[in-house]
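All chains are identified by letter, namely A, B, C, D and E, in their written order; residue positions are counted from 1 within each chain.
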Amino acid sequence: MSLKIKNLTVRFGGQTAVDDVSLDVPAGQITGLVGPNGSGKSTVMNAATGVLVPDRGSIHIKDKLLHPGRPGDTARAGLGRTFQIPRLARRLTVFQNLLAGARDQPGEQLFSLFFRPRRVADAERSIEKRAHAILKRIGLAAKLNTLAGELSGGQQKLLTMGMLLMSDCKVLLLDEPAAGVNPALIEEQILLLQSLRDEGRAILLVEHNMGMISRLCDSVCVLDSGIKIAHGDPETVQRDPRVIASYLSMQPEQAPAKSQEAHQ
Amino acid sequence: MIEFLIYMGTIAGIWAVLAISLNLQFGITGLVNFGQVLPFAIGAYGAGIATRHELGIPAGVLISLIAAPVFGALVVWPARRMAQDYWALITLGLAEIFRLLMMNVPALGGGVYGLSVTRMPGWSISFSLTLALLAVAYVISERVIRSPLGRMLNVIREDEILASTLGRDPFRYQRSIVMLSWVLAGLAGNLYAHVTGYVHESSFMVIETFVIWTAMILGGAGRTIGVIAGAFFVQALTTSTRFIAQWTDLPSDVVANLRLALVGLVLVLMIVYRPAGIFAERRARHVAED
Amino acid sequence: MQVIVNSMIYASQIAVIALGVSMCYSILRFTNFAQIQYAVVGGYLLYVLSALLGLPILPAAILAMAGTGLLAVAIDMLVFAKMREATAESKMIASWGVALFIRSVIAAIFGGSALYIETNISLLPLSGVFITSLDIFVVLASLGSMVVLHLALVRTRLGTALRAMSSNLGLSRARGIPTETMIRLMWFIVGAFAAMGGILVALQTQLTPNMDLSILLPVFAAVAIGGMSNIFGAVAGAFLLSFTQNVLIAIDFGSLLGGNPWYLPAQFKDLVAVTALVIVLMANLQGRLARWGKATA
Amino acid sequence: QDTVDIGVIANLTGSNVLPSVNLVRGAEAAAKAINADGGINGAQINLIIEDSEYRVQEALNAATKLYDVDGVQSAIMFGGSNLMIPVAEMARDKGRVLINVSSSSPTLADFTGTLFSVLPLDNIVGKALGEWTYDRGVRKAAFVVPNNAFGTGLMEAAAAAFTAKGGEVATKVAYTEGQPDYRAEVQSVVQTGPDAIIVTGYGDDSHKWFRLARTLGLDVPWYAAYPSILSIENPEWMDGKLFGIDNGGLNQGPAKAAVEAYKAEHGEDMLAHYLYAYDAIGILAAAMKAEGTDAADISAALPGVVPTYEALTGKIVWDEKNQRIDPPLDLIEYKDGQFMSMD
Amino acid sequence: MTSRHTTSLSLTDVDAGYGKVAILSRLSFATDPGGILTILGANGSGKSTCLKALMGLASLTGGTIRLGDEDITKMPVHRRVSLGLGYVPQVDNVFGDLSVDDNLRMGAFLHPQETPALREQALELFPQLKPHLRKAARLLSGGERRMLSIAQTLMIKPRILLMDEPSSDLSPKLVEEVFACITDLRERMGIPVLLVEQNVTHALRIADRVIVLAEGSKVLDRPTEAVTLDELGEIFLGRHPVTAQQD
């Protein structure tokens, strides 16, 4: 399954946050979306997932047109996402949040709940099993009974990632999954995303961590003030002077070095 | 005395069913319903209308059983596009509309004269029926709360957008829980009408909704056992103060007011010292896998 | 014309109280039922000061407002300060209990029946419109106080700080805002304003300990129509509500439709008003009103 | 046995408190007088007073406590029909006696044997009021009543009698009790230009009505059922403008003495409810003296003792359902700051 | 340049957490006057809690906190701010319902007279905020929020800065700018900085001293020169038992 965004335009009052952007997120690939702060990356994601109604443009999954502004429909079409500022059920435990991530649970129907208890119980057991596995991968195994609202900033990021994994979606949209996550777990995330890609999923990755973008992305799209200014493989894009000027600025090597010896 | 306790138990039991119903909507799903007295009134008037047209008690129960969730499905409709605060006021308004209609259109609800209802013969029968209804409500509520459905309703309570990006339509969940809980409240209303033998609009004023809210919050929103305890506590508080009031020698109207002041005071103290209720909501526990 | 005047008068009475409710909601994020009871306290204080102790109305009113403001602060310290972290619903129930307590204490002291504050009212000599000097005073007083409150909230540093607290309490502390002091200040203002509303109602009608229950619905309706936390919205809501009520029973539907004169029976007044409220809410008009409120501010 | 318990249910909190306070005082005065006079065959009357908060549920709680915990055999009750009917249901089931001192719903006639009324149902007074108003020369009347069983029942009876004689109904206003403001309603009455207003209602609301009528320049006479329960807002303005039908005998004999004693003791005017409660306790005591203190005894004795009982509200005549009929009625006018009999 | 402030913030044996939940145990350290101290650690190791405890936003069950010579352990939050503690929170870092402009004004709550000047300075540092001044802060993009939060903090005119992951959500270019600004503050005014970061390379580049937390305890405390990335990697990955490695 692939995601296609065509001629997307989003305006907020006088500001054009996304200006006629088209983007392909093919299956089995990781597509990067980068750009300066406020260039419209999250907005693209919000429009693609129906959280926001675009002024123009259309969203297609597997060549099927999606209704704008209906996040539920979009999600049922197989699209899953994380938010830059984590959205969680704060008064539920980590484990419950994970369980809630799974789709199509018979136990959520009143009828089966009261008349097919066996089916409900079976489904619940298999979901729990998956949740335990994912819990380990995101490094929160010890926190399963902690309320999500009582997690640290980074842990919340990880949990939203876990919920996305539970959903088993074919198209994944990740908004800065690595921000606030510690380096060791970023490595883990990279491995995870690679394996998801290899399973044939379509992944759109918004990230300011250029190391991660270089290592993971098959192609990268760069936005600036809502306009697509570059598109191509990570290396080419990172050498593009326009991208350097607006987004990357000086390379780390040129930065005023203090205690250089520390990272040798 | 024992008859008195049985009667108080009956009333508290009916109130407990209403509180369970409200808890399913608010405590579990986060729907702020300030018109909880509406399904109660619908149920009660179901009994009244059945008696008036001589349809018999079962027909009345059937009316309540069908009318309450149907109204529920209609009332929850605006929740689809609206912040919770507004839904609260809409339910409050709709409950008032229903009451004022019953009051001012005699053809519907007997107008200001109310409707007579077949009365239950004896307290013990009404008490047993109340306990039975309470037990059913308890089982249903617990089953919902401890299931994937309850979990998803909790997610909706916390964040509707999250629920929809998880592929659920929050509105459908809200609708089914409102319908389910209104069935319970409607039955409670029907039972109540048969206990008092009379329905009148003045029994369904906004203030009754607050009694139910008080029971739920005081007992602990989110937990079935909590809201039941809350209902019994509120009933015990309002009646026990009558006995305290009897001991003084002050003029009767001053005593009556001081009694209510005491109720207010106890309520405030309870909530200040146990803001999460007598039985606070528990977090689910899962065992770690190794 | 008369209808507009009537609506204005009724609207001013409830708007001042609605203002307090919406301020409380926007800053402390809970529906405060005690707010309307503070209005009643204000009315009774005025009664004590003017009818019993013989002070002239104006200084008595100012003292009553200050007194109610202090009461609101005291109740905050005793009750609400202890539950800052509690959920909005718990606070709401606590405020319900506070209201019940105050109501009963007032009734125990002053008795349950109505008290009246005598004023010199004269009918103004206007052709076709009935309006009294008191009406003019009420409308001006409430309009004036609303403008003052609005300016205080929007144009001052303290007002912004109050709004900041409602948005993010922890952060406002970390920005150096003395939050507890500010909350007290807010309670004082809110209590004094409630008292003002209560005084206006008391002057126009009468005082009963449970008059909060009968103004509860119109007040909350006004707040709701106007958008829960928009102060001018609440005022617009009060006017809209009172206008609907008054217009609907003043229109001669019969003649309009070419028949015998027929008016909507008065007992349907509330029904119609509540229905209008619900329709307004459903039509999402509150957003529009709120914007209108901002534009005129 | 040296005491006899009698229950009193009244709304001492909530709205319409003043009538209840009067009622309790009337009952207490009656009990005191009877006790001073030797009680009921030696036993002293003990009143147990419960608050109904003007709410159905609390009225039921109060009644259950009285009947089941305190074990009273009889109780008197003030309250709208909406509170009275469920309590009457309960009293009938338990076989206890309930004396109605305020309600007027025709349904109350269905509890023969356990429910007794010491006041006439309002259709009787309403009819008399409608006819009398016409006879006084009023041709176009506006009706203003509270929107409850008492108000609308009275209004319908009065309007029927008034139109039967040929009068025109200008408008009928049934207002919601306890509202802060009745401006719109008063205005709608003004618009129809009536010759007079036929009115009933409790003190607090009537006060607001009078005040608004005065400030809005509504200058027509008022014809009231039970004018003594109204609260006069401005004596000079009202002078000679208020007429009404009240219970017979208020201005003479024992009732007049009671009215004056009340004013002396409490510093305010008495409402009729005092007298009804006084009579209710009186007939209960008479019945107990005659047959015994059990509910069944009281119920059996009441119809017998009532015709000979010297009531403050005039002679009490009951129909076969123990509802009061043929009450002695007084035509009243408000003059020089007080109600005067007009005969 | 010489440091004009010699303020130092120090914790001694601090136990802190949330309500009854204990997170930090017996934590002690002190900032060097005019130095940049970075706190590193795995997710959930207690870094944010440590900053909150210093600000008085977490509950303290033991230990003392001193600013210079003054014991501020029990001082209310707003008083600490008036003593010069500037704090950039990790999450919930702006007044969502207020306009960006009002957010800035609230940053200068303690300096009403200087508000216009401070606001100018802040907007000079983050010109990206200029077009959004009338927008409610909750509508900003993630990075714009972070900028607003940092700007707000600088408007307090802090004498010491506590920054919780200031670089996350920011573009590489802005990260450079923010870090340059931090060093600049230190160089020009001698303002000490307590920096919590997941961006280890960046943090090490500007820090004078490194502290590593694990499960609420300090496991390493050394000058930056004496720390190697490999060593940190090992601690983060938990490859070797976390033992207290005090210097």
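One rule holds in what follows: a contact is a pair of C-beta atoms (placed from the backbone, for glycine too) under 8 Å apart; a residue touches a chain by one contact, two chains touch by 3 or more.
All values reported here derive from a predicted model rather than from experimental measurement.
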Common contacts of subunit C and subunit E, by label, are none
Number of steps on the shortest touching-chain route linking subunit A and subunit D: 2
Taking each chain's centre as the mean of its CA atoms, how far is subunit A from subunit B in angstrom? 42
So what's the Cα centroid distance for subunit B and subunit C, whole Å? 29
Could you give the separation in Å between the centres of subunit C and subunit D, each centre being the mean of its C-alpha atoms? 35
For subunit B, residues contacting two or more additional chains: 103-104, 207, 253, 257, 259-260
Note the residues in subunit A that touch 2 or more other chains, in rising order. none
At least two partner chains per residue is the criterion; list those residues in subunit D. 12-13, 17, 21, 147
Can you name every chain pair that touches? A-B, A-E, B-C, B-D, C-D, C-E
In their complex, what parts of subunit B are in touch with subunit C? 26, 32, 78, 81-82, 85-86, 89-90, 92-94, 96-97, 100-101, 103-104, 206-207, 210, 213-214, 217-218, 221, 253-254, 257-261, 263-265, 267-268, 271-272, 275-277
What does subunit A use to touch subunit B in their complex? 49, 51, 70-72, 74-76, 80-81, 87-93, 95-97, 99-101, 103, 105-110, 113-114, 120, 123-124, 127-128, 132, 141-142, 144-145, 147, 163, 167
Touching subunit E in the complex, subunit A uses residues 12, 15, 35-38, 41-43, 84-85, 139, 143, 150-156, 158, 176, 179-185, 208, 210, 246-250, 252, 255-264
Residue numbers of subunit C touching subunit E in their complex, please. 157, 160-161, 163-164, 166-168, 170-180
Subunit B - residues contacting subunit D, complex: 1, 3-4, 7-8, 11, 103-104, 111-114, 116, 119, 121-122, 196-198, 200-203, 205, 207-208, 238-239, 242, 245-246, 252-253, 255-257, 259-260
